[in-house]
Amino acid sequence: MGMGANSYGKDGIRLVTVARLPDRHEVRELTVDVRLEGDFARVYTAGDNSPVLPTDTMRTTVYALAHDHPLGDIERFGATLAERFLTAAPAASLARIRLVEHPWVRVEAGGRGHPHAFSRSSGERWTATVAATRSGLRVGAGLEGLVLLKTTGSGFAGFLKDRYTVLEETDDRLLATEVSATWRYASAEADFPACRRKARRALVEAFADHDSRSLQHTLWAMGQAVLRDCGQVERVSLSLPNRHHFPVDLSPFGQTNDDEVFVAVDRPYGVIEGAVERPAGTGA
Amino acid sequence: MGMGANSYGKDGIRLVTVARLPDRHEVRELTVDVRLEGDFARVYTAGDNSPVLPTDTMRTTVYALAHDHPLGDIERFGATLAERFLTAAPAASLARIRLVEHPWVRVEAGGRGHPHAFSRSSGERWTATVAATRSGLRVGAGLEGLVLLKTTGSGFAGFLKDRYTVLEETDDRLLATEVSATWRYASAEADFPACRRKARRALVEAFADHDSRSLQHTLWAMGQAVLRDCGQVERVSLSLPNRHHFPVDLSPFGQTNDDEVFVAVDRPYGVIEGAVERPAGTGA
Amino acid sequence: MGMGANSYGKDGIRLVTVARLPDRHEVRELTVDVRLEGDFARVYTAGDNSPVLPTDTMRTTVYALAHDHPLGDIERFGATLAERFLTAAPAASLARIRLVEHPWVRVEAGGRGHPHAFSRSSGERWTATVAATRSGLRVGAGLEGLVLLKTTGSGFAGFLKDRYTVLEETDDRLLATEVSATWRYASAEADFPACRRKARRALVEAFADHDSRSLQHTLWAMGQAVLRDCGQVERVSLSLPNRHHFPVDLSPFGQTNDDEVFVAVDRPYGVIEGAVERPAGTGA
Amino acid sequence: MGMGANSYGKDGIRLVTVARLPDRHEVRELTVDVRLEGDFARVYTAGDNSPVLPTDTMRTTVYALAHDHPLGDIERFGATLAERFLTAAPAASLARIRLVEHPWVRVEAGGRGHPHAFSRSSGERWTATVAATRSGLRVGAGLEGLVLLKTTGSGFAGFLKDRYTVLEETDDRLLATEVSATWRYASAEADFPACRRKARRALVEAFADHDSRSLQHTLWAMGQAVLRDCGQVERVSLSLPNRHHFPVDLSPFGQTNDDEVFVAVDRPYGVIEGAVERPAGTGA
């Protein structure tokens, strides 16, 4: 028997930083996951811990580096971490850092931004992934928890029927999803915050404006919009669960439901996943 | 043996409504819980179902009434439901309706509000509770999931010490909480949406501006602010979990942490709960 | 304005203890919640922390007392804690301790119990609640997460019908619930573990054997069984969510579903809650 | 721009079946996820739904086939489903089915197994994955939610130190994990239930008996044990989160904590993931 693919690391390192500027404070909140891969087989097979950078040290390193490198883009902080872990762990050939930012927004009080009070803006999270090897970095970013709904402009018809088909065709339905998007940068240097803003706007507007024949069709429109607006992105992957809403049958009560009263159903749910990418060999 | 206090009902009735106006759509999302109390002991002790309005009928009634009574204030929709259930179930002496609204906001697209696309604004929920008896209604409202944080303006000192005390006094700490508030109206007629807006603003501004000696002290400031700004509210109850953030000890790494790097800790957590109320016999 | 009812404490204190006996180890896992009530209004209204035993001290006290009082019954450990907190906090008139035990079972290895390895037995939790005042203790216990299902022996018919009724009567349905039970002891001295075993068995057997006309009817049978078998219990409260399972309509596919294929539905769900108690003035 | 890798399907199809045998009933509960991949790009890019088997039909098919093919091994039911979906959707080149079984156990009542009442045995789930292409099947299985703890027989020492190391070496610690295991069968025909029993026992006993120098070291022992006992398995993958338990520092209270009182910490947590496999070209 032999040891196959393996990795180890620390998940759920929770970091909050406060920048104490003269006129105001800034607060940031991240959850960081660290994973290493490399020449670690003997840790498993021989109980030899000499190549192991303990996961506890991953934790302390995140805090120590957050102190020395005040947080700017999470993508760059991820790169700083990944490079540190390759240095600290000679046996590692790959360091993967996943960062999730939970955004805070400044509270309005008395009509203007409060200097040191904040509220959680939404359930939306911003993500970044950095994969560092001895020869370079790959940087990706994304967002999660962006919940969108449109009340018209969406149909689903012309699909395959078989003996188990009960779904009826429709040219107008309520469509809702919780967007998880990740995009991959062509290089490790890009204007990450600007791209995040553009990508988010592209996703939202494409979802809203698209005349959708299916959630797949919408995914394509959303992915195209990100690539169109973010020249530094070479590929965007979307996972779109279909948050089903069904019109309630009110006919037993003598009522006509003109798509005004819906039940939201948790499970089961459709899932559409796909990547939209630039043609190979195409620059940004 | 005898049957003591009892109630029954349906929880988690999920309702989404769409108002299809000429120039735009409006979308609302509620989760509704229904409970009845009354003369139901023989259902338990004798298996006599004749007084039971089935919980399935509670579900259908919510949808049917949502069709006939386009959703305005959730407080009023709750009153409509409660009164219907008292009518439908002669054995019931009390109908309690709890409504949770999950707010949607209109998407911006091309610089203006989109006519039929929406996003989930935040994890914040708006709540209402209506308790109807044969002699009248009591209406309450509230909000949940309002997550607030301040980076200064909060201390905790002068507390009781004993042999198990390890906590150090501080005159400046990071304070964070997730506000659950409920308020009780003096009458069943009030401008509910205006009060909700005022109460929310009062809670946020009081949290932000208050010079806090403890989370209890902040609770008092927040409760007072709600009563001050919402004349129709006679009592406000607050549940404030203390979302602890501890400065990370960076001294082993030769670093000085001037309250810039924190770890957020999930458990255990402090909980402060209390009500602020007008003196008895005091009008609004 | 005035300060109304209030309480404070620490929730989610996680305690694991290991007893290192000569021939084997024993492991216990608890989550402890502590709440104090009393003469604390000035903490809120004046920011006076002098009466406050910090919630951090509640945490340390739980661990320190767990060291000095090796864990036996969680009810007694709760009493020990409650009494300590009344001593430590002179302003407190009430200390409430809630304890949740997450049971571990000894692993079988090579056909016999392993001396120091354990597995989580189930999602079931055992609970205890101790409320201590300056004049005495009240002790309760219970269990949560006991998920039961019966495939026959349950009907629901003869219920009230109205214009919103669509549910059909049935004399044979699948019935499932997740039992939350709490029982109150007549005195603070009882054989708590024996009672827990008897109560659990009574709940399970009554659910299984009862010829049920409704979930309310089953609740009564279950509550009676606990009082019958546990003489030291004076009152048992049950919360029984109805975990709905509906036969799938297979007729579109030319199939007859003789209650063999079901869909489990999460929401909405019925909830039945009630207490069964001995007549007032009746001894155990 | 072009459409990259994509898939679609239905997640969370909840199926409960009852076999009504003459002397007793049997109950099974599954959650099924279905995914298709293949020649679906035009669904995205052109809004052409003609190749789409709707996810709603995946749902109905699961129920209809559960009626016609009484549930035996979940692996075989998965194969039946996968083959049906390849037949029903000509554009699909791959059908992946993931099945999660939530086990029920027969209730004991009056000293023997009850004919039609059941309880949820534990939080443990049994899984299977079937991937079907036009040329064959690959079958895997596994388990999730197996929570294990050992109070001794585990150390962690000799690891790499750097400037951010604070962790101390130990030759005796409490070790706990929640096992997620998946194993891959060499062929689509195997005695799946027997293998599951053997694999589970191998995992538990190896965890218990192993003299562990690290969680990686334990992973290797557990993986080897599965391959040793299950000849039809060619590869086993394990994901072992480290559920950290730290001895509480009781020295401020004059107490000595001889590894008897621990705090369980949720986050962050170490994660060890790895596969153990037979040498290529080696038969079972």
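Quick notes on this structure:
Letters are used for the chains, namely A, B, C and D, taken in the order the chains are written, and counting of residues starts over at 1 for each.
The rule is simple: contacts are C-beta pairs under 8 Å (C-beta built on N, C-alpha and C of every residue); 3 or more make two chains touch, one makes a residue touch a chain.
The structure presented is a predicted model; accordingly, all values stated were derived computationally and were not measured.
Looking at A-D and A-B, the interface holding more C-beta pairs in contact is that of A-D. Note: the chain lying farthest from chain B is D, by mean C-alpha position. Centre-to-centre separation of chain B and chain D, using mean CA positions: 38 Å.
Our note on geometry: chain A versus chain B, Cα centroid distance of 29 Å, whole angstroms. Taking the mean of the C-alpha atoms as each chain's centre, chain A and chain D sit 25 Å apart. Residue positions 14, 60, 64, 164, 166, 252-253, 266-267 of chain D each touch two or more of the other chains. Considering their complex, residues 1-14, 35, 40, 43-45, 47-57, 59-61, 64, 88-89, 156-160, 162, 164-167, 212-214, 216-217, 219-220, 223-224, 227, 235, 237, 241-242, 266-279 of chain C touch chain B.
Residue ranges of chain C in contact with chain A, taken from their complex: 163-164, 166, 252-253, 266-267.
Across the complex, chain A meets chain B through its residues 14-20, 25, 27, 29, 60, 63-64, 66-68, 104, 107-110, 114, 116-123, 146-153, 174, 204-205, 207-209, 245, 248, 250, 252-253, 255, 257-265.
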